[in-house]
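Order of writing sets the labels: A, B and C. Residues in every chain begin at 1.
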Amino acid sequence: MAQANTRVLPGYRLSISFTLVYLSVLVIIPLGACVITAAQLSWDQFRAAVWTERARAAYALTFGAALLAAAISAVVGLLVAWVLVRYEFPGKRVFDALVDLPFALPTAVAGLVFSNLYVANGWLGQFLVPLGIEGSYSRLAIVLVLVFIGFPFVVRTLQPVLEALDAEAEEAAALLGASRWQTFRRVILPALMPGLLTGFALAFARGLGEYGSVVFVSGNMPLKTEIAAFLIVSRLEEGRPNSYREATAIATVLLVASFLMLIVINRLEARSRRG
Amino acid sequence: MTTPAAIPDLLPTAPGAGGAGAPTRQSPIANRKSQDPLWVRVTLTALALGCMTVLVIVPVVSVFYEALSDGLGTYWKTLTADPDTRHSVLLTLTVAPLAVLCNLVFGVAAAWAITRFRFRGRTLLVTLIDVPFSVSPVVAGLMFVILFGLQGFFGPWLRANGLQVLFTVPGLVLATTFVTLPFVARELIPVMEAIGPDEELAALSLGASGRQIFWRVTLPNIKWGLLYGIILCNARAMGEFGAVYVVSGRVAGETCTMPLQVEMLFNEFNTPGAFALASVLTMLAVVTLLLKVWVEGRKKQDSPQRHESHTKEHKEE
Amino acid sequence: MSITAQNVTKRFGDFVALDDVTVECPAGELVALLGPSGGGKTTLLRVIAGLEVPDSGTVLFKDDDITKHSARDRNVGFVFQHYALFRHMTVFENVAFGLRVRKWAEPRVRDRVLELLRLVRLEEKAGLYPANLSGGQKQRIALVRALAPEPKVMLLDEPFGALDAKVRSELRDWLRRLHNELHVTSIFVTHDQEEAFEVADRVVVLNKGRVEQTGAPVEVFERPANGFVMDFLGNVNKLPVRVEGGRALLGETGTVELPGRVFGASENGRTDAYVRPHELDLARTADGGNCLLARVLHVNPAGSVVKVRLWAEDFGLMINVDITPERYRALALKPTEPVYITPKAEAVSDTDYAI
């Protein structure tokens, strides 16, 4: 039998109490403190803190960039996963391993490099800037670096799904006269949808909170290229009596939003799994 | 969250399900590739490799190119001459292992409790472990500022007792530990679930004590999964930026870890210094990748064969 | 040492795995827990081993109540269905494990392990890992690993369940011989009645968490306590009857008296009778009157008995009858032919009604 239904093995009390204490100290108490601090503001103060023009611009940019980056990640991730699973080419294993690099590379390094690549005299910027494409210190820069961070999530969720895909369903579709494209749209894509949505959700969630890389590439101009996480930090550093409560209020909005988005996407995913 | 371990099926049964880059996928796929016409295959492969090149390869190459553009000698001097940079390396090498150690102990305890016992709130506990993945690192840092800052919950008491958490190594460790909390547990839970408790029960029935069971039976069985979790946890701990940014106060030579020092140098327009340090972090990332591929191979060898009839009688129960 | 489980109840959520079960296993005997999947037999075994904590009830070893004792202190040898060999230890270390945790001296460990490996003729495999053994070899290693610390009782969960037929019967014989030599009180779980009857001194039939019958194999086979046991032992015709004046008569109005067993009857005497195929005979003529007209559907003459399947149109029943090859040749049966089913003469007197 695969499950211990009773506490026959030793160590239940020790392991469960350690786990609970650890989680309380590191997760529950800090999260609670965050919520309590935000609640200490009156409703008007809270509104004033979280609903300034600057804050609204930051939310819009954070969500917009994360959403767009997650969508691009989904396309790029699908393409890369497809090629890695279905086709043979030299250096495949190296490419496969390299997909994990954004997981392993500190985000500060990613930010540093990306900011340097897309400036006017950078390796890629020298071709793009003359075309009017500003890949550094712009909103585009934020999206670019978030795609770098997000696409591995999509690749790694899709790879096992693609491998497990039923070859016979595709063959049956082909025998029934479907073109390759029809087979892809009607047979393969629906099967990949749950994985694709999961990867999208992970990339999106990661993008919402990302800070390290974005501060390097965005320029952090209020109203233009300032993300919510950066706004929290700058509020915190203002040092006014109420500023850290205001920072907490914005953080609470970010927290609630990312939890809500995750729930929504989980629902979507559950539905596509049923369908 | 920097890992496929974050894939949200809570207790996948297959070891390392979603656990990244397994290079052994040949059999049924090999004869399927012929279904796509050559031009499609070539175009898609070229597009994918193009994306990978622009997104991953060019940036990595450019780190080393920028770092080494003035020659090896300058590179070495840039890296070692600045005492703040040297300190940041030492600090990262202190903070990251401490955070990993905490999460290692936690991961083992949590995985033992969750996979070897049934209790109320078990699913809730699994969800709770994932929470740090969905909290922005900046918010994570902020939480500790709220707790330990001068205006915060414990700040005044700490100050009265001459203690300080913020802007010190313990604060950095705390923030890093929070951000990397799920890694080891998330890796171990599916592994231990897949192995099942039978070997431990056999050891118990043969008269082994709890300690003997853990060291002689459990640990040898999970060692590769554990190592895998440690590698991921460590990579994230060394690279953590947002949370430590907030709690560190960024005092050069005191509370700046390597990623913070990179930012510091970058803001001081010391681009060669920033790239030199960034190249060290990149090398660490490449080493992480190599270790990861190696451990994945070992983990696969060790993974248990699944018995379909394994739970026959008890499945219904 | 005798083993007693008294009034043991165990639930998993809403599922009642054991419902007030009492089982006794006399010292030195080999007892089989027999029953269908989900019947609770593995759970009972695990409760005795201390691998499962019962909701209520007690487990006694001899006269000691060990219900509260940890599995660690029970000194029980447990053989898991899927062996649960320590995959990262060699065969030698697997067998030595129970001795090492008891801090036996190294030379003694060596002697004991090698002695046991010789017993199962696997001494040359001592340095291998479990992954390199066949199923039967793993099973034998699991057995001697459990035997190594000289347990007071041996518990085996479906010991041959995962093996192919030939290895299975070899190991069955071997287990019986081993038990004859060592005389350690042993309980094993099986869903295979043949295995239970062949190996065990005593059989306990479990179903839906309850004990249906306990007894020596011959008792259980000859005198099944109820319909479930009869059914479970298999190879039986289940026929609707009405009971009138101590006689079981087939169907609503039929007058054919059956030789089978009848377990309980409703108000109007309606119930089922269980008749084994070898308790019936076939005849070309309706001599004596107590017979049933049926049509031959299928004959399987391959084997020491000839299995005939018939369709009794009047009652809408399928009936199996076993006859000897001689009888088969004498009757010269062909499919679709009408023939009379009769109770075998000697079987009728043997009938015991348990109404």
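The criterion applied here is as follows: a contact is a pair of C-beta atoms (placed from the backbone, for glycine too) under 8 Å apart; a residue touches a chain by one contact, two chains touch by 3 or more.
Because the structure is predicted, anything quoted here is derived from the model rather than measured.
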Self-check item: Between A-B and B-C, the pair with more C-beta contacts
Solution: A-B
Quiz prompt | Chain of greatest Cα-centre distance to chain B | solution = C
Self-check item: Euclidean distance of C-alpha centroids - chain A vs chain C, Å
Solution: 57
Practice problem: Return the distance between the CA-based centres of chain B and chain C, expressed in whole Å. | Solution: 52
Practice problem: Calculate how many whole Å lie between the centre of chain A and the centre of chain B, each centre taken as the average of the chain's C-alpha atoms. | Solution: 16
Quiz item: Can you list the chain A residues in contact with two or more other chains?
Solution: 1, 5-8, 10
Exercise. Two or more other chains in contact with one residue: find those residues in chain B.
Key: 198, 201, 204, 209, 310, 313-314, 317
Quiz item: Touching two or more other chains, which residues of chain C qualify?
Solution: 12, 42, 50-51, 70-71
Quiz item: Which of the residues in chain C come into contact with chain B in the complex?
Solution: 12, 15, 17, 37-39, 41-43, 49-51, 70-78, 80, 82, 84-89, 97-98, 101-102, 145-146, 148-149, 161-162
Quiz item: Which residues of chain A touch chain B in the complex?
Solution: 1-12, 14-16, 18-19, 22-23, 26-31, 33-34, 37, 76, 79-80, 82-89, 92-93, 95-110, 112-114, 116-117, 123-124, 147-148, 151-153, 156-157, 159-160, 163, 167, 170, 174, 180, 198, 201-202, 205-206, 208-212, 215-216, 229, 232-233, 236, 244, 247-248, 251, 254-255, 258-259, 262, 266
Self-check item: Contacting residues of chain C [partner chain A, same complex]
Solution: 12, 42, 50-53, 70-71
Quiz item: Which of the residues in chain B come into contact with chain C in the complex?
Solution: 198-199, 201-209, 212, 216-217, 220-221, 302, 304, 307, 309-310, 312-314, 316-317
Quiz item: What residues on chain B touch chain A, complex-wise?
Solution: 1-4, 6-8, 17-18, 20-21, 23, 25, 28-30, 32-33, 35-37, 40-41, 44-45, 47-49, 51-52, 54-60, 62-63, 66, 105-106, 109-110, 112-114, 116-119, 125, 128-129, 131-140, 142-147, 149, 151-153, 174, 177-178, 181, 193, 196-198, 200-201, 204, 209-210, 213-214, 232, 235, 238-242, 245-246, 258-260, 262-263, 266, 271, 274-275, 278, 281-282, 285-286, 288-289, 292-293, 310-311, 313-314, 317
